[in-house]
Amino acid sequence: MTFDINVILDQLPAITRGAGVTILIWIVGTIAAAILGFFVAVGRRFGGMLLDKALGFVVAVLRGTPFLIQIFLVYYGGPFIGLSLDPLPAGLIGISIYGAAYYSEIFRSGFMAVPKGHIEAGECVGLTQWQIIRRILLPEMTMLVLPPSLNMAVLLMKETAVLSIITVGELTATLSAIGAQQYAFVEALSALALFYWVLVEITGRLGRLVETKYARFRFHNA
Amino acid sequence: ADTLAAVKEAGTLKVGTETAFAPFDFIDAGEHAGLNVDLFAEIGKELSVKIEWVALPWDGVFPALEAGKFDVVAGPATITKKRMERYRFTPPIAEATIAILKKAGDTTISKPDDIAGKTIGVGKATSQLDQLKEFAAMLPSKVDVREYPAFTESYADLAAGRIAGVANSLPNIAFVAKQREGTFEVVLPPFGKKSYFGFIGLKDADHAPLMDAIDAALLKIKADGRMAELQKKWFGATFETPDAVKDPAF
Amino acid sequence: MTFPAIAVKNLVKKFGDTTVLQNIDLEIPQGQVSCLIGPSGSGKSTLLRCMAFLEEATSGTITVNGEILGFTENTKGLRERVAPAANRAIRAQVGMVFQQFNLWPHMTALGNVSEALKTVRKMSRKDAEERAMAQLVKVGLEARAGHYPSQLSGGQQQRVAIARALALKPKIMLFDEPTSSLDPELTGEVLNVMRDLATEGMTMVVVSHEIGFAATVGQQIAFLDHGKIVFTGPPKEVFRKPRNARLEQFLDTYLDRGASMLL
Amino acid sequence: MTFPAIAVKNLVKKFGDTTVLQNIDLEIPQGQVSCLIGPSGSGKSTLLRCMAFLEEATSGTITVNGEILGFTENTKGLRERVAPAANRAIRAQVGMVFQQFNLWPHMTALGNVSEALKTVRKMSRKDAEERAMAQLVKVGLEARAGHYPSQLSGGQQQRVAIARALALKPKIMLFDEPTSSLDPELTGEVLNVMRDLATEGMTMVVVSHEIGFAATVGQQIAFLDHGKIVFTGPPKEVFRKPRNARLEQFLDTYLDRGASMLL
Amino acid sequence: MSIKLFELLLYASIYTVLISVVSILIGFAIAIFLSGMLLSRRTVFVVPAQIFISFFRGVPLLVQLLLIYNMLPAIGLNVPSIVAAIIGLSLCTAAYQAENMRGGFASVPVGLVESAEMVGLTSGQIFRRIKAPIALRLTFPALVNEAILILKASSLVSVVGVVELTRMAQDLAGSTFLPLQIFAAAGLIYLAINWMVALSGDIIERSLPGLPR
């Protein structure tokens, strides 16, 4: 089997750019997804039954179909309904919305895990609903939602690879182009594997670090 | 070991390909069809072996070829200098010179030069991209070239109106235009330097006898007019192709 | 004109189809300790939670120092919602202490007590913490101000919860079985704090299984059974000559065991 | 020769550096009810768990009906581990009932009680369920055999837990605060079952805050404080004329409240 | 879009379901094993399990599949496409499921184990009869979630030559040049499958006895 490391080294600037795009979309997209997901969860928890049902349906559709198909339909079908987005914004928005569906579920289970009494205690001392969400629910469930959130971040990282289909020049697109141009597929895939593995490992380590830091916020009952 | 001997002994030639490359290789109403299927059927006759197809996405084809999952790759691929460094190509089976696909009824493009100043889509990392860029450099105003992971997406974006045209090899876009009459149209003539499609195999000594045999079979098929007949069937036209490409234009 | 601290009028509370409270009428006098007793599931917690407006009553009214909480009934008998801000203002007069303490685990004792002072009363951090500290001193926990709930014993946690409610200077304190998740010895700590509050003249409503506490500290005792108040009166009447069969049976469980203590 | 049901000799238990039990000597007489009382954190649970071999003692020995549990000390004073199978055989004579019930949530009441009969005693499914049913009848739960723990009240759950332990026909039953996670009224159910067992002459060790129960049913009472047994004796001695200052103070908490009940 | 095309998509979705279901089940068995290794607290077991999990969670599934399909022949195992696809998906989901299960086992209240010890169950019996069923009950929702993720991720197995739903959609888009209609149809089929999975998950979960509290 041919394995020529120079194929990769020669293209290092392009690969670095691709990796940059991947990391950018991943980080910005994940943060946006978490924030959006949080508001969806808040809407479902506090917004009444109708909003809960409506958002629940949207979340089910987003979670039930592959991201590839969603992004394809929105990007290439969008212009027919007057929604014409450029690749990068489309990719960012797509990742954020797709991820938000998952994050909303994580936050929802987080909300449910906070004992109802802690919320009532807040109501009793006169905190408004929003103050309760911000000062009690959010910090209290941090410890609980952290592990699944990081898991989700890793899943989203891998989903960014799908964005090549709408011509976003992220790492998978860059490397498979190099593979195709020079027919150096093995080299390209090895580089791809290494990059994602390292990034996932770093995320995992970081997560464990944060987890230990937050470990003192233990639930004393429940 | 000598792969030709192995193939003969097994009685089957395994061919890897991608099935989203009409009209060479595609799924027509559930059936695997295209020029490749017919052409390899002839090659099979010449070598007196059966053909076994292995369909993979393009990204998976070459790792599998190297792993010995099959003996040769159909595809086909445009014969280029870079690719010839790593793999061996058969004699050309069709012309790969590019032309423009536009939206039906678009009067602003009537000849290749009209793409100046417009946005044109093309497959990423393809030789068609290189051909388009070379042609565009000679035009008076800049062409905005947009690269797609596969041509399917560029056609989708042409339909969506994000781009004014797609540059691809004539056989491919001729087929697209025929399939979606009223949506797409081909702008003739093709332009740029001539290039050709060939099948791909491994360069090593083990595969040399097999590749030689396939080359010989193809040349025979071409010589007795079967190739032209098949080209007519799938492209509606025939191509003048050299017997071998020693020094590709790209 | 003086109002009762809390007046419950014709209160009905249903959960779905099941009626949990039936036509409750009850007045909580100012400056006294009122105790709610009754068997499990009789509706004590629900009644208390209605007083704190943690549950919306199905019908009937609750007034706190003369002001209507949650809903008013207009002349046509339809219920109209009181504005949330007005509700919060009325509720600010009521402090609640839960059986499960319900301290916020991500804040220290001081944080728990000062939180509402900062976010609701908009006090500066310094002032809020000063006042919170004073409350912690009152319940004897100045040394534990910096501890997280998980680092405190149950009795200490419950005292923090009391301090948290007291910090807002409520006129009325509601207690839902404040000692029943505590060990008997820890119970003592909390009962002592409550006894102090009673002596200071705080209006208190206590749901309690601590019949001993009810008998010594309570000035009014209400006995609930199956969502109805079957008996109200001063402790002496309740414990000395219960005239209600159900109440008598209920007290027997305790007295049985109470008596055996003195063997 | 008759042995004490359980004999604890010179038992020391440390968790890391902190000594939780210090040189405990205690004999549990056959066929009697012994109660362990004492303030929270005094080591009652730990001592009981050592008797059940749920904790390994740091030093000292525990014998059950004359057989040594867990470790022996050889002539050189070194500890040698007893074979696990031998341990299980000795432990089979001991049943334990936990404060938190610890019923297995994925099995019905009948499943909980019959599980060990099937897997440990290798009884046929039919025989096991028959015997389990008999136990459930004994604790008054025949009607609930098919219910899952989540469908039972706390008192019922605890009675299933007792039936589970009894099904193996242990010679000794250990109870760790069997009623303290129950409502006062539910407590009655469980105490009645225990009282029945006592009348039948079952050897029982009960860690309890139910001083009333201890006083009426207990035949021997041991008072622990800070990991030491500071007092043992029959209930009369303990409750009538406590000679130990710490014990006196401890009992005061109860008597105070007990007395007030009779007002 | 014609009925014929939709039928082709439906037919391809059989592979999607088949491969996913088989992989989830095999992955489940491997995951029990892995979580046992993780919980053993013995370095010789823990470290290999951690490396396994790190690899199969960290490296993109696409690459894993290519490795299995193309590297196994090098050690003399020339596996057919569908087997390679199942091996790849199984190992990948095993890594994720093992993490879930570890959490599940760790959340089994220690008191339930102690009460089993008290009635004389051996540690093997405790694992089989007490810990495993409770842990599985606790992780069941995560398992349903994982099933849906795998159903979606199974679109990647086309890289080793299995024509499942997504690949069929791409193939058909490449011959009919009607990608929007075909992808929308494929999306609906995915949605229907996953909706059924979620629904049966709900029903099963509700029929399971209560959780430990």
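Some observations on this one:
First chain written, first letter: the chains are A, B, C, D and E, and each begins at residue 1.
As a working rule, a residue touches a chain if its C-beta (ideal position, glycine included) is under 8 Å from a C-beta of that chain, and two chains touch if they have at least 3 such contacts.
Keep in mind the model is a prediction, meaning the values are calculated, not measured.
Steps from subunit A to subunit E, minimised over paths through touching chains, total 1. Note: the chain lying farthest from subunit D is B, by mean C-alpha position.
Taking the mean Cα position of each chain as its centre, C sits at the greatest distance from subunit E. Rounded to whole angstrom, the centroid-to-centroid distance between subunit C and subunit D, based on C-alpha atoms, equals 36 Å. We define each chain's centre as the mean of its Cα atoms; on that basis subunit B and subunit D are separated by 82 Å. The distance from the centre of subunit A to the centre of subunit D, each centre being the mean of the chain's C-alpha atoms, comes to 52 Å.
Residue positions of subunit D with contacts to 2 or more other chains are absent. The multi-chain contact residues of subunit A, meaning those touching 2 or more other chains, are 72, 76-77, 80, 189. Each of residues 62, 66, 179-180 in subunit E touches at least two other chains.
Across the whole structure, chains are in contact as follows: A-B, A-C, A-E, B-E, C-D, D-E. Put simply, subunit E touches subunit B in their complex at residues 4, 8, 11, 62, 66, 69-71, 73-74, 78, 81, 158-161, 163, 167-168, 170-180.
Residues of subunit A that touch subunit B in their complex: 1-2, 72, 76-80, 84, 164-167, 173, 176-186, 189. For subunit D in complex with subunit C, the touching residues are 39-40, 180, 183-186, 188, 209-213, 215-216, 235-236, 239-240, 250, 253-263. In the complex of the two chains, the subunit B residues touching subunit E come out as 19-22, 26-30, 54-57, 59-60, 63-64, 66-69, 150, 152-153, 155-156, 176, 179-180, 183-184. Residue ranges on subunit C touching subunit A, taken from their complex, read 52, 54, 88, 91-92, 94-96, 98, 100-106, 115-116, 119-120, 148-150, 157, 161, 164-165, 168.
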